[in-house]
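Each chain gets a letter, A, B, C and D, in the order it is written, and its residues are counted from 1.
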Amino acid sequence: MVKKKVVAAPHPQSLDIVFPGDLMGELKDTVQLESLGDDPVDYDALDGNLEGTFALIGQMDLPEERLKRAPDLKAIFNVEGNFYQNIDYDYCFRNNIHVLNCGAAYSQAVAEMSLGMALDLSRGISREDRRFREGREVYLSDGCRDSVLLSGSEVGVIGFGNLGRAMLKLLAPFHCSIKVFDPWIPGNVILEAGCIPATLEDVLKTTRFIFVFAGVTRENQGFLNREKLEMIRKDSFFFLMSRAAVVDFDALCSLTSQGAFTAATDVFPQEPLAGDHPARRNDHLLLSAHRAGGIPQAFSLIGRMVLDDLGLILRGLPPLRMQKAQWETVKSFASKPAG
Amino acid sequence: MVKKKVVAAPHPQSLDIVFPGDLMGELKDTVQLESLGDDPVDYDALDGNLEGTFALIGQMDLPEERLKRAPDLKAIFNVEGNFYQNIDYDYCFRNNIHVLNCGAAYSQAVAEMSLGMALDLSRGISREDRRFREGREVYLSDGCRDSVLLSGSEVGVIGFGNLGRAMLKLLAPFHCSIKVFDPWIPGNVILEAGCIPATLEDVLKTTRFIFVFAGVTRENQGFLNREKLEMIRKDSFFFLMSRAAVVDFDALCSLTSQGAFTAATDVFPQEPLAGDHPARRNDHLLLSAHRAGGIPQAFSLIGRMVLDDLGLILRGLPPLRMQKAQWETVKSFASKPAG
Amino acid sequence: MVKKKVVAAPHPQSLDIVFPGDLMGELKDTVQLESLGDDPVDYDALDGNLEGTFALIGQMDLPEERLKRAPDLKAIFNVEGNFYQNIDYDYCFRNNIHVLNCGAAYSQAVAEMSLGMALDLSRGISREDRRFREGREVYLSDGCRDSVLLSGSEVGVIGFGNLGRAMLKLLAPFHCSIKVFDPWIPGNVILEAGCIPATLEDVLKTTRFIFVFAGVTRENQGFLNREKLEMIRKDSFFFLMSRAAVVDFDALCSLTSQGAFTAATDVFPQEPLAGDHPARRNDHLLLSAHRAGGIPQAFSLIGRMVLDDLGLILRGLPPLRMQKAQWETVKSFASKPAG
Amino acid sequence: MVKKKVVAAPHPQSLDIVFPGDLMGELKDTVQLESLGDDPVDYDALDGNLEGTFALIGQMDLPEERLKRAPDLKAIFNVEGNFYQNIDYDYCFRNNIHVLNCGAAYSQAVAEMSLGMALDLSRGISREDRRFREGREVYLSDGCRDSVLLSGSEVGVIGFGNLGRAMLKLLAPFHCSIKVFDPWIPGNVILEAGCIPATLEDVLKTTRFIFVFAGVTRENQGFLNREKLEMIRKDSFFFLMSRAAVVDFDALCSLTSQGAFTAATDVFPQEPLAGDHPARRNDHLLLSAHRAGGIPQAFSLIGRMVLDDLGLILRGLPPLRMQKAQWETVKSFASKPAG
C-alpha cells in the first residue's frame, strides 16, 4: 500500500523534539515524511510540495491560495500550541480538513507547575530557602506562622479548559472547595465536575488560591485589571499561568510589592523581562520564566498525539487526541505565533 | 455532674496554640482544667495536682512514683509529637492508662510540604526563581530541559507510617508506580495500598522521587549511610522529611554538592545549622528549617484530636484519633524531647 | 431582543419527559418554542414552520429539500439517542448546522445498571432471592461457594465510548485490571485511562467480567458470534448492555443455558421477546427489558444538555454537552429509529 | 531456630478454608502447627497442648484457669468474626496477650453485596427479572418509571466501623451526600471522611439509601424499632447488612409488605427463616440468606491476615491487620458464637 505524504515544517518547534527516538521511527513507518527542516518556513519549498500532501505538520501560513494547491489535504497538525490567524479556517471547514492543535499536551506540565507554585507560596518554600542561604532561617513553628494547608482551602479557577481540568484532578485529594469562573462554559458542566460556578468578582474576593488559566482572546485582554486585582484578599495566593495579556501586569507587580497579596507568575508582557524590572526584587512574587508548559515530556506527548490522530485519520476515523478548530471560536484567539 | 480534672503542662508546646479560640472553650466546658502554664514543667506543682487527675496534657516525666500519685489517671496526652523514654509505660499498660501521641496531626502538613518540595525539584522552581532575581533566567523550553513530570514517574517511599500514607493520598492523581520500604509492615499491607513492597536498595537504585518518612529508632540510626546514598541515580530527587539521624548527613551534603543527585531536607543534625555550613551554598539542595510539620493548622488539629479522644475516654470508649503507645514498640523510639 | 424560534417534534420521545417542570420554563424563557406535539411527526406542519427556525428538537427526517426550507437553522437536537440515516449530514456540515445527539445522557444510568448486574451475577443476588422465595435458600458460606469479589478481578470492556468511560469511573474503587477492546480508539488513549488495550480474543479468553458497550455499525453486526462467545471462560460473567445486534443472540442463550458461562442482557433481537423463548427459563441469564438507560433522570438530563448547548449556540459558542455528528463516522451507524 | 508452637481448633470455621493452598504451606513453614481438627473443640486435647503454646487459632472458651496453662501465650486469633464472652479478657490485657478478630476480612465482601443490593432496589433488577420469567416484563422507559440513580443521591450509613468505611470507598464515584450515625465515633472523624454526622432520626427521615452496618451490643438491641422504621420515606431503600437483632424484624416485614418503603436483608432473627414466613412473598423485600460476608475470598483473607500478624508478633512487633480487643468495648458485644 502506498504511504500518504506528510509535509513537516514545524518552526519554531523542532521535529526531533516532538518526535524523539521511537516516535520518529513510527512516523516514518506510517507515512512518507517530507521534512522541510526546523528553520523558518521556506514557503517556496512548501508550495512545491503541496501536491498530493495528506497532512501538514507545523504552524505555517495557509491562505486559501496555498490550501488550493493541496487538494488531498485532510489535516493540519499545529505542534506549537495555539490557533493563530494565519489559516483560512473557512476553507478548511468547507473542505473537511481538520485543523488541530496540541494545546492539551502542555496541560499536565502546567498543572504540576501550578500545584508546585501553590505549595511554594502556601509554605514559603522558595522564600525560606533564600533566607536559609542568607543565614536568616527561622526554625520550627516560629518559621511557619503564615503557613497554611492547601487541603480544605477555598480555591478559585479562572478558565475551565484543558489546564483547569488537569488542575482539578491534581487537587482532588486536597478536598478543596473550588469556585470556577469561565463565561464560555455552562454552569452545569462546572457543577458536574464537582465545582461551584462563580462570577469573577466572587472568585477574587472569596478564594485563597486563585489560578488563572484563561487563554487570551480579542475580548478578554486585560480583564484582570487593577480594580479586579484589588479585590484579592491579603492572605490569598494568585497564580498567573496562561497569558500575561489577561492581566494588568504593572498593577499585579505593584500590588504584590506592597503586600496586598502574594503571587506567582510564569508569564510576562515582554520576555525577557527588563533587567531592572522591580519584579526581580519583589518578595511577594514567585518568578518563573515561561517554564510551566514546554518540558521535554510535553513535546514528546505532542508527537504521540499527532501519531495517534494521524493514524485515525488515515483509517477514515475522526481524530480525538488533539483539539479541533471550531468555527465559532477559532477566529477570536488573539495569540500570535511565538516565532 | 462533676467534671473530671485534667492537668495541662504542655511545654515546649503551648496551650493556646493547641487549643486556639473555640477549642479552649470546649476544653473548659468538658473538664475541670488545671493549667500549670507553658513554662518548663514545675514538678512540685504537678505532683501537688495529681490526686484525682483523670488525664494529663503534656510531655512531662512520669516515672512510677509519680504515676502512683495519680490513681484516677486514665490518659496521658502527649501534644508534641513522639513518644519519649520518660514515662513508665509498663505501669501505664498494667493500669489501663492510655498513653497517646499526636504525631498524626502533622501528617497532612508534612505530606503537602513533601509534595511541594518534589514539584520544586522536578521543575526547578526555587532554583530558577533565584536565577530570575539574579537576572540570569532562561525562558521557555531552554529553561526546562531537565524538568520532568511527577505524573507517571517511579516513586520510592521509605517508612510507611502516618506520613507515608498521607503522602500516598496526595500522589494518587499522579498515577505513579510506588515502591515502599518499611521493615515493620507486612508486604501485603503495602500491596493492598496499591504499592510495591521493596528492599531499601531497590528503592534507592530504581526510583526517581525518594521520600524518607522513617522515624528514628534505636536500631535504624544512620541506616541511610554513604554507601546507600551512593546507590541513588544522578537524575533522582531525595527528600529527607522525618529525622536527620536516619541519614549520614555529611554524605548527603557532599554527594549532592557534587551533583550525584538532587535533594531537599527539612531536618538537620544540629538546628540551627552552622552559619558557614556548605549546605547553605549547595545548588542541588533545597533547604527548609524544620518547617514541614509545625504549622498553625497542625497544632489546632492536635487540640481537636485531644478533645475528641478525651470525649471518648470520658464516655468509657477507647480513643481513636491519637496514636496509642504499644508495648512492643514504644521503648525503641530514640527521639528526645525537643524542649 | 427577539427570541429565536425552536421547533420541537420529539417523537418517540416526549417533550414533557425531556423538559420536566423548571426545564420547560427555562426553555420557553430562552426561545420561542413551537411544539408540534409528541405524536409521529406531522411533516406538513413541520415544513410550514421551518422558515426562520434556529434549531430543531427531534429525530425527524431531514433530507436536503427540507433543510433548504430552514435557511436560519443552526442546530438539530436529537433527543432520543443515536444518529440515524434520515438526515442529509453533508448538507449540515457544509452549512455549519450542528447535528447533536444525547447518547451521553444515558451513560450514568447504563453504567449503574451494568455495575448492579455485575454484582448480581458475582454474588447470585437475584438467583438466590428466587430460591429464597421458593423455600430453597442456603445459609452462610454454603450458600456462596461460587461468589467472587469484583474487587481485584480482571475486567473486560468492549467499546470505549461514553458508556465504557462512565463504567470506568464506577469501577475505580474496585482496583480491577481492565482490558479494553475498541478498534476505533488508539491504544494510548486506553493506556492513559489506566486500562490495557487488548484484542477481542484476549478480552474474551482472559477476563472474568466482560461488559459489551459497543454500538452497532454497518461493519460490526454480529461480531460476537458463536466462535467468539465460546472463548469465554466457564467462571466468567458477560454483560450485554448496548445492542443485541452485535452478538449472536441464539448462541448466547444456548451457551449460557448449558452453563458455558453466566450472562446478563438488557437487550433482545426482538422486543418484546417471544413469550415462550427459552431465555425466560435460563438460570444462567439475568434478564432486563431494555431498562438500563431510559430512566427519568436520564431524560431530564437530555433536556438539561439541550438547554446548555442551545444557550451556547445562541451566544455564538460551540456546543459542548451533546455529541456532535462527525462526517467520518455518522454514516456508519446502523441503528434505526426506535419509533 | 526453633519454631514456636501454634495450636489451631477453628470450629465452626475450617482450617483448610482459612488457609487454602499456599497459605497452609506458609503457616507450616512459619510455626510448629498443632491442629486439633475442625470439629467442636476437644478441650482435653487443647488443655494437653497449651504448655509452650505461642498462639491459638480459634474461638475456644478461654477462662483464666485455661489461660494459666499457657504461660507463653502471646496471641489468640479468632478466625470467625466477633469477640465473644468466652475469654477472660482482663487476664489477657494484664499479660500482654493479643486477642484479635478477623471481622475486617468480611468488609469488602459485605460492601460489594451492599452496593449490589442498592443497585438492585434502585433499578428493580431482581424484581424485573422475576417478572420477565413470568412473561410480564415491561420494556424501555415504561419499565423503569420508578428507577433512580444512586449517583448524586442522599445516603445514610448507620454504623461507621469497618463495613461502613469499606462501603464509603465503593460509594466514592457516585458523589453522594452521606449522613452517618454512629454514637461511638466523634463527629470530626465522620467529617474528615467527607460525610455528615447525623442523628439516627435525621438519617431515617431524610436519606434515600439507608445502610445498617451497626454491630449488636448489649445496649443497642432493637434500636431500629417500629417507631424508628416508620420514619423512613416511602421512596427510600433500607439495607440490613449486619445483625437482625438491631431491628424490629416483624415491623420491618410488615411495613415493607404494605409498601411503606423497600428493603433488602441479609440477616434474619432465626436462620433458617420459617418456611411459611410472609417475607418470602414480600415484593418490597430482597432476600439474602446471610450470604454477604462468608465468601471464599473473605476466608482466605482471614488466613492472610493471621499469617501477617503472626509474623509481626513473632518478630516482637505489634499486629496491625486484625482488630485488637479493647478493654472498654470488648465486654459489650452481645453476639454469640455461631457454632
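Here is the rule we go by: a residue touches a chain if its C-beta (ideal position, glycine included) is under 8 Å from a C-beta of that chain, and two chains touch if they have at least 3 such contacts.
Being a predicted model, the structure only gives us computed values, none of them experimental.
Listing every chain that touches chain B and chain D alike gives an empty result.
Once the centre of each chain is set as its mean CA position, chain A and chain D turn out to be 51 Å apart.
Computed from the mean C-alpha positions, the centre of chain A lies at a distance of 37 Å from the centre of chain B.
Along chain C, no residue makes contact with two or more other chains.
The list of touching chain pairs reads A-B, A-C, B-D, C-D. Chain contact summary for the complex, chain C toward chain D: residues 17, 108-109, 112-113, 115-117, 119-120, 122-126, 128-130, 132-133, 135, 137-141, 143-145, 147-151, 169-170, 172-174, 271-273, 275, 280-281, 286-291, 294-297, 299, 338. On chain B, the positions that touch chain D within their shared complex are 93-94, 96, 184-186, 188-189, 304, 308-309, 311-312, 316-318, 320-321, 326-329.
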